[in-house]
C-alpha cells in the first residue's frame, strides 16, 4: 500500500480538522472522497483538498461504491457513528471515529464487534493522548515519578457550543459527551483505572433560550468520580466558555504532582501600563492540539500501513461513553451512580 | 490605648506564627502573656518574645487574673475554642480564634453570642482573605470583571498532618476541618453565596497505621458543592502532601476566569541539563501567607484600636464549620447532604 | 507545476531538518535528490526519504545533470553557499540557503546578483521570522503597541558546537555567525532598522583545547549595537550551552515591552519534594522551531508555486553577515566598529 | 541598648520607604527625629510617625544636638551623602546611606575613612541583596550549581524619573547612578568579581524638553562590562519606564543558568476574551522589594545591636560608583573605559 486513501465521513468542523491534517501534513495519506449528508459541505471540502466535485457525496453508500479507499474518518453526529462504522467495516475499511464514540453502550459494543469481526482497525479520537505534554505526564506517572495517583483533575472548557442537534441530551448525551469526553478519557487514562462511581451536578447559566426548548440542557457542570483503584477524578465543564479553550489536567500522587497544559497559547508576553502583562490565551482546540491531531492521524495511518493496533481503542471510547451516561444519570437523579 | 496587649492562648505552631507576627512586625501590639496547658511550650514562646517566665501560664484562668491584656489570640485545639472564647469575652477581652472556629455549630453559636453580648470583637483566622492575590481576585469578581461566578475551585494540600488529637474525626472533623476550612471559606467568599448541598468522598491512602486506630481517618478527599446562588464549588484535600504546601484557587465566571496563587515560592528559576528548569515550591503555609498573616493580625489590632468590626466574622467561621460537617456526613453516607 | 522537486544540498544536521520537513509535512514538495561531498551522508538521507541510492550524489554538478529539480536547499558549510547558489541559479533553480548566508559580503552580493539575474528566488534560513511568537511580536511592534523600540535583546545559546571546520573564525566567522546569525537578524528585524555601530567582547571559557589550535575561537560573547534609528541591540552568545537551547528575545519600547519565547519546552510541570517544580527545558533548535521550520519551508514552496517573493531575502542575509563581521572585528580590536 | 533610635536624614520618597519600615515593621527600632532641608517634608514624616513637630528639623546640626539617636538613615540627594555621613560619624552615629553612595570616588573614600576612624557602621542601600530570590541565586552560584558565571545580565527599568537635580549628570551621574546602581552592584556581586572594562551607549528618547536644558541627559542606555574574572556583564537602563518597575537578573554559568525576579507582581491571573490572560505587573520598587527593604533595615539594626559588620559595605558602594563613572565616560567618549 503506497498511500492510504481516506474518505472523510462528515465535512463539518472536525472533518475539516482531520482533512487539513491529512491534506497538508501527512504525505503518506491521500484524501480520496468526502461524504456529508449536506452535499454543499462535502463539495466545499472536496474543493479545498483539490478533488474534483464528483468525489463529494451525500450518500455514504455511493461513496463506498464509487472510489476505492482504505480508511474512513468519521466525524458526523455522534448517533450516526455506529451506522457508518458498520458500513465501512463490512467493506474492510479501517475506521477512525471521533469522540464521543456513540450515544449508547450498545452502539459502542456493536462498533467494536463489527470491526473485530471484519478485522479492520478502530481508533477513537482522543487526541490528547498524542499531545506531548499529556504523553510525558503519562510516562512519568507510569514511571512512578509522583507515586500512585490520588486525584486526577481535568478541565474541559470550550468556546463554542456543539450543533443544535446536541442540545437535546437524549440525542447527544449533552456537553459532558460532546465537550468533555476527552476529560473522562484523560481521568481514566492518567489514573490508570476504570470508573466505579460518579456524582455530577449541572446547570444552564448562560443559555436560557435553549433551556426553554430543552429543559435538560446544561452549559456548566462538575463531576466527582471514584475510580476502581480508589483514585478520585474531578472534571469541570463549561461550554460555551467565553474566555477561550481551556484544557488542562492535574494529577496528584502520593509523592508529587503533575500539571499538564496551559491556557497560554504561545509565549509572547506584552506589558503596558494600561493593560498589564498580557499573554495570548488558547482560543481554539484546533490550535491547542494542532500537533496532537497530526500525531493522532499519523498514528492511524501508521497502524494501517504497519498492520498494528491503534493505541486508542473502541474499548477506551466505550468507557468514556459509560462514564458520560452515568454522569448524566447522576445529574438527573441528584445521586451518585455506580458503574 | 497605646499598645494592644495580647495573650497567646496556645503555644503550638499556629500560636508561634501569630506570636512572631505580633513580636516582629506589629509595633502597635505587645505580647503580654502566653498560655498553654503544656507549660514548657508556653515558657518557650514567652522566652522567645522576651517575656519573663512568670508571664507563661498553664491555666488560662491564671493568665486572665495575673497580667491585664486586651486581646486573646486562640490557637489551641479546635474543641477548646469555645471555652477560652467565653472566658476571655466575659472579661471584656477581644478574641481572635484560629480556624476551624469550633467542632460543632452549637459552639460556634455560643462563641458568636458571648462576644456579641460582652461587646468584644470576634475575628476568625481565614488569613487567605488578607492575601493580596485573593483580595484582588475578590475585588475583580465584585467588579464584574469575569461576570457571575459559575465554578469556584480551591486546592488545599498541606505538607504536615495536624496533631494526633485530630486523627479521630469525631474530635476534630478531620482534615477537611483542620486543613481545608480555608478552602470552604474561600469557595463561599469568592462565589458570594452560602452552601446549599455538598457531596464528598474521601480515603486514607498513605496512613494505614493511623487507619487501624481511627477507621474514619482520611488523608485525601474531594468535595463537590452547590451554592445557594447555583454556583458550583470544588475542593480537593491532600494531607500530608509530600511535595509542598499547595493553596490555589480558580474562579470561572460567565465572562472570564481568575487564577489565584501559585505553587512557586519565589521567582528564581534554575536550569541545568540534568535537572531541567527548576523553581522552588512553597513548602510552608507560614511562608506562602507570610504577608497575609501580618495583614490579618494588623487588621485585628486596627479593629481594636479603631473600634471597628473585623472583616472576617464568627458568622464566616460558622459557615465553614457547617460545610465541613456536611462534607463529613456525605463521606460517611455516600450521598449528597443538604445544608 | 504539480509538486516542487527539491535537491538537498548538504546532508548534515540542517539538511536533515529541512529534509524531514519536506518529506513528512509538506505534501506539495518532493525530495528528488540529495547531494553531499560525503556520499555516505547523502545516501543515508536519500534512504530515509525513500529514494533509490542513485539519487544520492557526491558532486553537485552530477546532481544537477541527473534528475531535474526545481529548488535547491543549501545547508552545506557556509563558505560554499555562494558556489552552490551560483550553480543552481544558472540552471534556473530556486535557492534556499541556510544562515549564515556566506562568509564575506562579496559572496552575499554575488548570491543576490546571480539569483536576480537568473530570475530565481533566493530565501535565507531565518526561521525565527516564521515562529508564531516572533511573528506576533513583530506585528504588535508595527502596530505601535509598545511605542518605538528602544532596546532589542536577543539570547542565542546553543547546546552543540558547530563542526570543526567552524573553529577557525576566518573560515566561519565563529559562533556569532554559526549560532547567532539569528539574533543579529532578529535585532534588525524587530528594531526595524539597520546596524550603525557594534561593540562586542568574547572569550573562550570552556574549550581550552580548541583554543590551543584556534586562538581566536570563542564560546561566549556579548554584543552591544546601535541601530540607525538609534535603537539599541543586545545579543549574548553561549555555545556550547550545557543547559539547553535558549532562544528568547525582548523588545522594550517607549510605551511597553514584549517578551518572546521561553526556555520551557512544553507546559508539563512536575513537583516533588526532592526536585522542586520542574519543567522540561528546550534542548534542541529542531524542537523549539519545529513549527517555524515547517512554515519557513512551506513559504519557500508557496513562493515558488505562486511566483511571489520570499519574505526573507538575500538582503536580510547580507545584513546579518555584515553585523557579524563588524562584531568579530570589534572583538579583535577592542573597539566599537561602525557599519 | 533597648531600641535603636533613628534619625531619618532626608524625608523624600526613599526616606519614607525606610521610615515606614522602621515605624511599622521593626519593633527593635524607633524613629526619633526627621531632618530635611525642606522642613515641611520633615514635619510631614514626623507626623506620620507619631512624633511631635519639634522632632522635625531643617538643619542636620540641630537634629544632631537636640535628640540623641544611634543611627542616621541617609536618603538625601547623592552629592550630600558624604557631608551628612561625616557629621553623623563624628558623633559616633551609625550610618546607613542609600545608593548611589556618592558622586565621586573621593567622597566614597572619605565616607569609608570617617566611619572606620570613628568606629561606626556604614551600610549601603543595595536592598536587592536582601531579596530572597537574589539571595538564593547568590547561594546557588557560590554552591557551584551553575558552574562559573560567564554572563550576568541585569535589567533596571524604573517608572519615575529622579528629581530635577539629577537631570544634570555632572550633579548626579545620571540615571545609570540613580536608577542602575543596583544593577552595577548585582553584576559585581553575582559574578563574584570587580569591573575591568566598561562600554556603554545612551540616548534620550522620551524627554526632548529635558535634553534642551541638559544635553547629556539620557533616559535609556545599555552597558557591556568585562569583569576581572573575565565574566561579562550586561545592563540595560530605561527610565522613565512606562510599563512598570522591571528589575530582573540572569546569570549564565558554564553548567546552567539562573533567572531572578519577575515582572509579575503577584500570581493572580485573569483571562477574558477581550483582554487575554492578564497578570498585574510590578509598578513600584517599594512593592517589588517590600520584604527586601524590611530585611535590609533589620540587618542594619541587628548589626548595631549585635556589633557586627553590615554585609553591604562602603566598599561595595564605592565599586558601583566607580562603574557608573566609567560607564558615563564611555558614553561620552564612545569608547570602552578601563577601571
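Order of writing sets the chain letters: A, B, C and D. Residues in each chain are counted from 1.
Basically, contacts are C-beta pairs under 8 Å (C-beta built on N, C-alpha and C of every residue); 3 or more make two chains touch, one makes a residue touch a chain.
Given the structure is predicted, the values throughout are model-derived calculations rather than measurements.
Interface comparison, B-D versus B-C: the higher number of contacting C-beta pairs is recorded for B-D. The chain with its C-alpha centre at the largest distance from the centre of chain B is C. Centroids built from CA atoms put chain D at 38 Å from chain B.
Chain C has its Cα centroid 56 Å from the Cα centroid of chain B. Touching two or more other chains at once are residues 146, 242-243, 255-257, 263-264, 271-273, 280 of chain A. If each chain is drawn as a node and touching chains are joined, the picture has every node linked to every other. Interface residues of chain B, counted against chain C in their complex, comprise 242-244, 263-264, 271-273, 275-281, 283. The residues of chain A lying in touch with chain B in their complex are 146-148, 150-151, 153, 157, 197, 199, 201, 203, 205-206, 220-222, 224, 226, 230, 232, 234, 236, 238, 241-243, 246, 252, 254-257, 263, 334-336. Against chain C, the residues of chain A that register as touching in their complex are 23-27, 132-134, 136-137, 140, 145-146, 255-262, 264, 266-273, 280, 291.
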